[in-house]
Amino acid sequence: MRLVAEGLSAKRGEDLIFHDISFEVAAGEALVVKGANGAGKSTLLRVLAGLLPPEAGSVRIDAAAHTVERPCEACHYLGHRNAMKRELSVEENLRFWKACLGDLQGGQGLAVDAAAAMVGLGGITHLPFGYLSAGQQRRIAMAKLLVAWRPVWLLDEPTAALDAAAEEMFSGLVTRHLSAGGIAIAATHQPLGLGGAKELRMTGFAGLAEDAW
Amino acid sequence: MRLVAEGLSAKRGEDLIFHDISFEVAAGEALVVKGANGAGKSTLLRVLAGLLPPEAGSVRIDAAAHTVERPCEACHYLGHRNAMKRELSVEENLRFWKACLGDLQGGQGLAVDAAAAMVGLGGITHLPFGYLSAGQQRRIAMAKLLVAWRPVWLLDEPTAALDAAAEEMFSGLVTRHLSAGGIAIAATHQPLGLGGAKELRMTGFAGLAEDAW
Amino acid sequence: MIALLVRDLRLSVRAGGGALIGVLFFMTVVAVIPFGVGPDLNLLSRIGPAILWIGALLASLLGLDRLFQAEREDGSLDLLLMQETPLVLIVFVKCLAHWIATGLPLVLASPLLGLFMNMDEMAIGATTLTLLAGTPAITFIGAAGAAIAVALPRGGLLVSILVLPLAIPVLIFGVSAVHAAIEDPAPFLPPFLILVALNLFFAVVGPVAAAGALRLSSD
Amino acid sequence: MIALLVRDLRLSVRAGGGALIGVLFFMTVVAVIPFGVGPDLNLLSRIGPAILWIGALLASLLGLDRLFQAEREDGSLDLLLMQETPLVLIVFVKCLAHWIATGLPLVLASPLLGLFMNMDEMAIGATTLTLLAGTPAITFIGAAGAAIAVALPRGGLLVSILVLPLAIPVLIFGVSAVHAAIEDPAPFLPPFLILVALNLFFAVVGPVAAAGALRLSSD
Amino acid sequence: MSHAFYVAVSYAATFATVAGLVLWVWLDHRARRRELEQLEAAGVRRRSARPAAKSGGQP
Amino acid sequence: MNEPSLVIRKFSDLANPTRFLALVARVWPWMAGMTICLFALGLYLAFATVGDYQQGDTVRIMYVHVPAAWLSMMGYSVMAVSALGTLVWRHPLADVSARAAAPIGACFTFVALVTGSLWGKPMWGTWWVWDARLTSVFVLFLMYLGLIALNRAMDDPTRAAKVGAVLILVGFINIPIIKFSVEWWNTLHQPASVIRLDGPTIDAEFLRPLLVMAAAFTLLFLTLHALAMRNEILRRRIAVLRRHAARAAGRPGGAA
């Protein structure tokens, strides 16, 4: 399985944020997207996740176990926001996403408790999500990646609020995912501790898209 | 001027998050609060900012240029949320906070444009805040610290979404603030690049406050 | 989809946003009316159906604006947009959950409030029936409005302009069906059937429009 | 404080919603009543003032729940709580901005709607005047409700429930002042002065209560 | 309708409401007891019910 | 900071939850038994007496309507006292008491409303009028429901307690309005004939069953209130234990 991006470019408002970016990531590989603030890392990930239509170029997934119509259906997206309801308990949140996302063919999501244990918060699943500290919330958001199987993980600054122990835990999760034949694409400013990951440097602001006016 | 905390303890719900913490920070000094996720760093900062009533103990500011009634009036608080309206432009946001907060005696806030330039975003103050990238938003939130003078800065994971260059910029800001006789207290997992800062380690969960039930 | 339905229902119960509060609001509105127009029972029974309908409309509208905004703010909307499940279906299920949590209790409470407004049995029955047929339409229209509100950060004005005028026909046909039921000469069925038709129409158009707006809004 | 006022006004225009949805809702309520009572002009003009008042009351409630919730969600509330400026004053200014954005348009629209309700000039004038004197009170009471519900994710309807019973005196004196103005024997001034007094009373009590609730809710 | 009807309905309504209240209290109590027992079974005990009163941690 | 916490400790010694639970466990069977006995006696008296010459059989509705109406007001008064307890003495049991009383009070208010309506149909010819007494009782019902909704909506009990207490006290003005509405405004509803300064004016024939039923209802309220408080205490204990266990498990040194 391979995720292939060809000649991607994307606009925000009138500005071309990046232009003609191509890359390929094969199963078991990780890609780390780097660049200064505002360079367009989040924008690239949102394009990959199908949340922002690219200005040009395309994304596709080759030779997947289960052919998907749109590539984003094979992706997990972990954005800045955790996609959890503060009022529901951690367990209810995870159970909902497990049921709602479902497993894609070719893999198997963990049970809710097991996933919570994997991120080091095993006993804490009956607390309302809103009660957790910033870092704990982020970890639960990562547990969401584990409860439903998706071959591709798109991670936007996954370790922003995490302490050192949690960062280690996280790189363990990613390594495990890669060895199960997954793909991980992460935008980050901090070292992720992924040995042998490919790197993509965003330079930011590719100029006005068109001098339309 | 000195910020003195004596025997602070704080509860969240029924739980005592920390117990009997005392420290002193003098003018020109920085204090870095460290600890694992959920250790109570954010809680401590909120207590210092007067947003959470302490269970016991007190905070006071000694020998300030301008005696304030409550210590929190002499503080800037930079929390996880940026306190900016997405619909208003960056300039409108900063101008509002400058007017609303006002300068405390003993210092002088920068002009809005100058503050934006200090955080490296001089040219984009006309954009709506919601259009900025995560790191840019965080930088603008920092610019808010500059537009109005407060001797004490309380910073909760200030560099979470920042790139390396911005982190440097940030430590420059803090150093400048300290040399102007300010105080900075920051909770963080990442090194802040502040030489000679004091350190406070939170260990987390100090036990049930009272076995009332 | 069941999971989504269950979650939304649970949320509406949990945060107190759902059944109890909607009905309470409805009751409070109705209780306030006699303070304004005076305790004249004849008058009350005449304006009763309109009051019940307006109360129901207001109760439905008050919580509707957060339907997608809450999902967007915490990032859930992004994930829902990425799924294989058609977005229209997701929107439909969310509307359904919202209606079950807030619309249905209103319908159930309306006979009681009808008694308080001194309406006769016929009027009470007709009001309940029309509310049952009409409140889903309000939810579906509202969903389209809520989705557009999510799309344009400055689209608030547009929503109000969009939703209320569309809801007015529902309101008018609802109230006039009740009146037809009470006063003999006018037939009840035509306005009621129009109401049902409006409902079906909006049950399709609302989610489709909402899904379109949500897709456009993601950025 | 001027800065806060300007920002809130700007936001209410920018994000829409505020001003226009209130007026639109007001018009909808008033427009649907004739369908409810039938086209009896005498009756309409009799209940007109009450309907206008009830409509204004309900329209003021729309949007009130977000008064502090929006500030809390983006963290602005924390900063406002820390300031030297008394919180009561901040709340007062926010209420003022909210009233200018949503209450004032209602007052301005009421003469027009009075015409629709077949009210005579005297009644229209009296209604507009009482609305001008009474709607700020509703906003101030509402602020207290909004502050209580600030920490509740979907506290919107709860606000209205908490607020409506307290708003009843305002409604009663508003309507009775209008009635006094229309019917000669009863004097207009006493109920109107009571209304003004209520307004001043709530202008103090509302912000104080709201400030207390906001302090309690910060965590 | 006869007066006896109104009397009967009043008493029936009263009885139904009170019975509902009693039922709610009873069911609530049973559910809470069960939860406590489950916690007990999982080794979570109140501090005062534990030999060594040490903060945090499980026995 | 030290002063009040000492006071709290003293109060906790007087009636700490554990001791309260033990007390309830001891007395509730007696209270329940007495309630049942009183109800049996009251019901017997209610149906043994002859009907009123004016109202016929419907006077029997009085024996449930009036006690329920009294208790709806008493329930709120209990909540108001508890609210004072929360705000002034900061006693933890006060909030538990207020929370436990709300659903019970709401149910009694509901009974008063329903039986009143059922009495009103034969007597006044309508289920409902918007007079001061009836409206104020309806407002009381709405207030109960509003407080329940607020309690449900706020998950942190310590914060909900204060807000709820203030609201309860604000709403207390409704109680005198209910009580004196029949005197202040002319209403369809009859004026007080039992609880009045110059002694009851009601016929002893009706007074006896009424008083017995009132006693039965009051005991019922007290019993249910005590049991509901017990449930509420258990609920909080469970919440604390759960959170405690969870915290310990989440820590690196924790068990899980």
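Just so it is clear, A, B, C, D, E and F label the chains in written order, and each chain counts residues from 1 on its own.
Here is the rule we use: contacts are C-beta pairs under 8 Å (C-beta built on N, C-alpha and C of every residue); 3 or more make two chains touch, one makes a residue touch a chain.
Values in this document were obtained by computation on a predicted structure and should not be read as measured data.
Farthest chain from chain A, judged by C-alpha centroids: F. A rotation of 175° superposes the C-alpha trace of chain C on that of chain D, rounded to the nearest 5.
By number of C-beta pairs in contact, the leading pair of chains is C-D.
In whole angstrom, the spacing between the mean C-alpha positions of chain A and chain B is 30. If you average the Cα atoms of chain A and of chain D, the two centres end up 46 Å apart. Taking the mean of the C-alpha atoms as each chain's centre, chain B and chain F sit 48 Å apart.
Annotation for chain A: residues 12, 80, 86-87, 131, 136, 165 touch two or more other chains. Residue positions of chain E with contacts to 2 or more other chains are 46, 48, 56.
Along chain D, residues 14-15, 73, 152-155, 158, 161, 165, 219 each make contact with two or more other chains. Here chain D touches chain C in the complex through residues 14-18, 20-21, 24-25, 28-29, 31-33, 35-38, 43, 47, 50-51, 53-54, 57-58, 61-62, 65, 73, 152-158, 160-161, 164-165, 167-168, 171-172, 175, going by the rule given at the top.
Those residues of chain B whose C-beta lies close enough to touch chain D in the complex are 12, 46, 49-52, 68-69, 72-73, 75, 77, 79-88, 92, 95-97, 99-101.
Those residues of chain C that touch chain A in the shared complex are 2-4, 6-7, 10-11, 14-15, 73-76, 78-84, 218-219. In the complex of the two chains, the chain A residues touching chain F come out as 87, 117, 120-128, 131, 136, 165.
Listing the residues of chain C that touch chain F in their complex gives 15-17, 20-21, 24, 27-28, 31, 34, 39, 41, 44, 115-116, 118.
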